[in-house]
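Please read the structure below before turning to the comments.
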Amino acid sequence: MIETQNLKVYFKSRDVVVKAVDGVNIKIKEKEIVGLVGESGSGKTTLGRTILNLQRPTAGKVLWNGKDVSKLKGKEEKEFRRQNQIIFQNPYEAVDIRMKVYDIIAEGIRVHKLAKNEKEEREMVMNALREVGLTPEEEYANSLPNQLSGGQLQRVAIARALVLDPSFIVADEPVSMLDMSIRAGILDIFQKLKEEKGKSVLMITHDISTIGYIASNIYVMYQGKVIESGPTDEVLDHPLHPYTKALISAVPLPDPSGRSTLFSTEVREEVEPYNGKGCRYYPRCPFAMNVCKEKEPELTGESNDHYVACFLY
Amino acid sequence: MIFEESTDVILKVDSLRTYYKTKRGSVKAVDDVSLFVDRAKVLGVAGESGCGKSTLVSTIFRVLPRNAQVVSGEVKFKGQDILSMDLKTFRKTIVWKDIAYIPQASMDVLDPVYKVKDQMMETIMEHEDVSKAEAMERIYKALESVGVPPEKADMFPHELSGGQRQRVVIAMALLLNPSMVVSDEATTALDVITQAKILKMMKDLQESRKFSMMFVTHDLALLANISDSVLIMYAGKVVEFGDVEKIFRNPLHPYTRALIDAIPDLRLRKKKKLVSVPGYPPDLENPPKGCRFAPRCPIAMPICREKEPELTKVEGFHYVACHAVSRK
Amino acid sequence: MNKVIKDLLSRKSFIFSIIIIGFFSILAVAAPALTTYSNPYLPSQQYVAAPYAVPSWATIFPQYKELPPDVSFTFTKYVSSDSSYVTAVNASYIKVVVPPGQTVNVSFPFKWNWSHPYDVVVSFKLLTPSTTSFVVNLYFNGLYAMELCPVPFPVEPAVSISPGKVNSVVFDSKYISPANSPFASELPLSEQPLAAYEFPSYALPKPGTYNVTVSFENTGSSKEVFVMSLPSYSSLGYVYGKLGTDDNGASVFAEFVYGARFDLYLSLLASALIIGIGLFIGLLAGYVGGFTDLSLNALTDFFLLIPGLPLLVVLISIFDVTGTIVNVNKPILILLIISLLSWPGTAKIIRGQTLSLKGRTFVEAAKALGEGNLRILFRHILPNLMGILFAQLAYDVPGVILAESGLDFLGLGITGFPTWGNMLGFATYNVSFINGFAWWWVLPPGIGIVLLSTAFYFFGSAMLDVLSPYKLRGE
């Protein structure tokens, strides 16, 4: 349904070139929740934005049902917008603080003329609010964004995307400001979307422990590249890449007695600056070999759909 | 409220009430909250979304929105009553230098029209009398310590990733060597490795400089690992407060228990389902009579719907507000 | 909205600006009610008092204590050389019968209390016989002020009156000259041009009792009858109104008030125009970007670099001298030229803001929802620019006031009706002619310009501060 082909997004900022996304191939099928995890600054948000044609790629393309999204025009573009939604990482930034919650959510309905009349529009907005647990919904509908808590606002952002009934959603850290008890409820919504309505989601997150519950596939990014991908169980239970391993072992456990271990993960500080040609992880990798400094590893298949970019395999 | 367990207190909050005025009445976002933080200790604060955690920290830091009002209570920092202090003096002498604050919307405290390094420079220059070169050096060091590449200093906030922005704000908070940091969900946009790295840095500071922290987060697993004491809030109230070991090993309040049960576990994900607490958080404009958790509480008794439970000491440093516990 | 207002009201500079702007706006709006002189530069509205009359409240200063106010009264007492010839018709008219070949004098005595010389104005109505054989002479305290005759002699300084009709006789010392007053023609030649200045000090040198005498001379051969009204005396005072008078005796207060009215109108209109152009160019450049931005930016820079006021002066002079645009209303010309030269600053600010807003996530979110460019512009970008626009409107006002006042001051702008600029210009131009400095004339427009500009500046900064999207979020 959505596919990227050797997607590259470089930012040129003054004299530095930032390779935010550097040759990424991912595939999201219908009725699938795909997890995207990775280091902060590794290009996850940029990838999500590029998939939704909010950022022009430097090279490569994004295909939506086989069509290049950057070439969509007119009606088709509008339809693309309706069917593909994004939940932005920071809800505080993603809403116009002058608008009431009601209008924030109704905006999309109005643009795509999804409601026949005002009553129907109202109903849709209220349903969306209720669905994300913002009750009493009348009250929230009349609030301004700065009268809401972080988690409430985040749910407004989710409601705004859901109300358009999209078939694909890029959810960029959609639950980062929610506590566990509400988080489960929201994740449940995504789960239902997938199972009952056949929708797909690209879930960008730092929270590996919850992504395990809902994603069927996982991509791990490091500095603009996908370094490991595969079915969730494979990746989480048998991580191959040293970075993935570190990531999983660094997840804190809810146990106060292990307090010191959190701070002694196997991640090293960079021992030397990256030389520009080797594996991007070698400066921090405890297993780095000579070949790692010379050439970049390719993403290669290990076993049943499990891919990794590492010379250890 | 007097806490005997406090030995070397740096921040003390006493019966604080902060309400928001709205068209229909007032939202009791912080309702009779008392707590303390000792020197060189970490207090973790958790609670449901919208229960008043941000309101609590913005009251302490005096950055409340205009429709908010501190109805009663006091906040003492190093013995000084900071709520009644002149706001200008407070901003000049205490903010950043003594307590630093990392707000929840930390990503957008950065002004989009200034470069990262200029904003950091301003923070230093406003409070300290140092040369530009010296300040610049400090900025690069601070950015390095939170793992933001130095070339990002020259960029505008929107050119940074969410996590990078958040780390810039963390670096800013630590620029002036404060003796306490109040952080409101400061690490939500960070991957666990970067997060661990930053927390380790803070932990080191805590030991070397007798630095204290108040850490608001939803990540209870994280709290278990970094805090010395934990405060659980529900609907504007403190429901449980105590030593971290006590809270995690022996959670007494049904809400705390539900929260801890809901922590997902990577290892057990096939056996354990994600759980959510049924029902909705109460409307803070008309909170239910009695215990505010009663409508959702699995063990609620008739008295719970009548009388509000008080925060009472159980044993050692462990306080709970629940009728079921005080019964025993 | 409430909190914005609260925030604003907590700023002293804002309160100051509101008071000042409010004050001048009231002046401007209420101008017709405050003064009857809508354009004191018209001759018909001048000489409402003596030139350079000081404001009436200024008499609290010792040096103005002695200045006489307006004086006007009607003579009620009269004496004549032979009372049988003079009879009262009613309370205000007397009849004078003059036998042939004789002269009858009627004297009107009065008390004078001021030591400062005045312009002297005496007027009365006179019904003359229908012959031409008579002369009526007017003496002011023995000075031969006026000769009235039905057939003027070519060489004598006489004023003609029509026989057999009611004539209005006015003697005004301001206008005397060797051609109309024997007093002037009798002076030595070198002093004649100063007659108008000297008459008052001869006629009413100090407090005391004086008289006006009208002498009726019958040169014919039959008895003649004259009817005259009791004359009235009136002098414009050297003290006038709230703000005194200018060199033409026109009310400075009226000029000030109408000046405020014009300055406010013009500057608000011009600012609106500037905002309009700036908004259009800035939005286009900032939102569309690319080549459009590049070319618009070049245009903006070009306009920014050309020196404003000098060019303004040159342009206006060219239009003036060559008369290229004769039929265009001068204020409109000035409005257009000032606006056309002042928009670049605003355009730059709007462009910067638009650029910054365009990069913000909520605008991207709107795009992701499928909103078109126009909808994004009008629903998200413009509303977020409102505060800045509003503030910019206020910010631009001082510039316009100063530019326009500068032009008027130099005499290149408006001269036909009062503006603060031309008030200042005329006032400073005239200062060298009299001994002294007409502060009541110079200061009001000067202070007005400074106060109003500062007030608008403060207003703008307060607005900008409070309404910029950043502040709305709390802190």
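Miscellaneous remarks
Letters are used for the chains, namely A, B and C, taken in the order the chains are written, and counting of residues starts over at 1 for each.
Just so we're on the same page, a residue touches a chain if its C-beta (ideal position, glycine included) is under 8 Å from a C-beta of that chain, and two chains touch if they have at least 3 such contacts.
Please read all numbers here as calculations on a predicted model, not as lab measurements.
A simple rule picks the central chain: find each chain's mean C-alpha point, then take the one closest to the mean of all protein C-alpha atoms, which gives B. For the interfaces B-C and A-B, the C-beta contact count is higher for A-B. Separating the centre of chain A from that of chain C, both taken as means of CA atoms, is a distance of 71 Å. The distance from the centre of chain B to the centre of chain C, each centre being the mean of the chain's C-alpha atoms, comes to 67 Å.
Here the spacing of chain A and chain B, counted between their Cα centres, is 26 Å. Those residues of chain B in touch with two or more other chains are numbered 65, 67, 105, 108.
Within chain C, the positions touching two or more other chains are listed as 360-361, 473-474. Residues of chain A in contact with two or more other chains: 90, 92-93, 146.
Partner chain B is touched in their complex by these residues of chain C: 3, 6-7, 352, 356, 359-361, 470, 473-475. Taken in their complex, chain A has these residues touching chain B: 11, 13-14, 16, 37-41, 43-46, 89-90, 92-93, 133, 135-136, 139, 146-152, 155, 172-173, 176-185, 187-188, 206, 208-210, 212-213, 236, 246-248, 250-259, 262-263, 265, 267.
For chain B in complex with chain A, the residues that touch the partner chain are 20, 22, 24, 46-50, 53-54, 65, 67, 104-105, 107-108, 148, 151, 154-155, 159-164, 167, 185, 188-197, 199-200, 203, 218-222, 224-226, 244-245, 248-249, 258-260, 262-266, 269, 274-277, 280, 283, 285. Those residues of chain A lying in contact with chain C across their complex are 49, 52, 54, 78, 81-82, 85-86, 88, 90, 92-98, 107-108, 111-112, 146, 160, 164. Those residues of chain B whose C-beta lies close enough to touch chain C in the complex are 58, 63-67, 105, 108, 111-113, 158.
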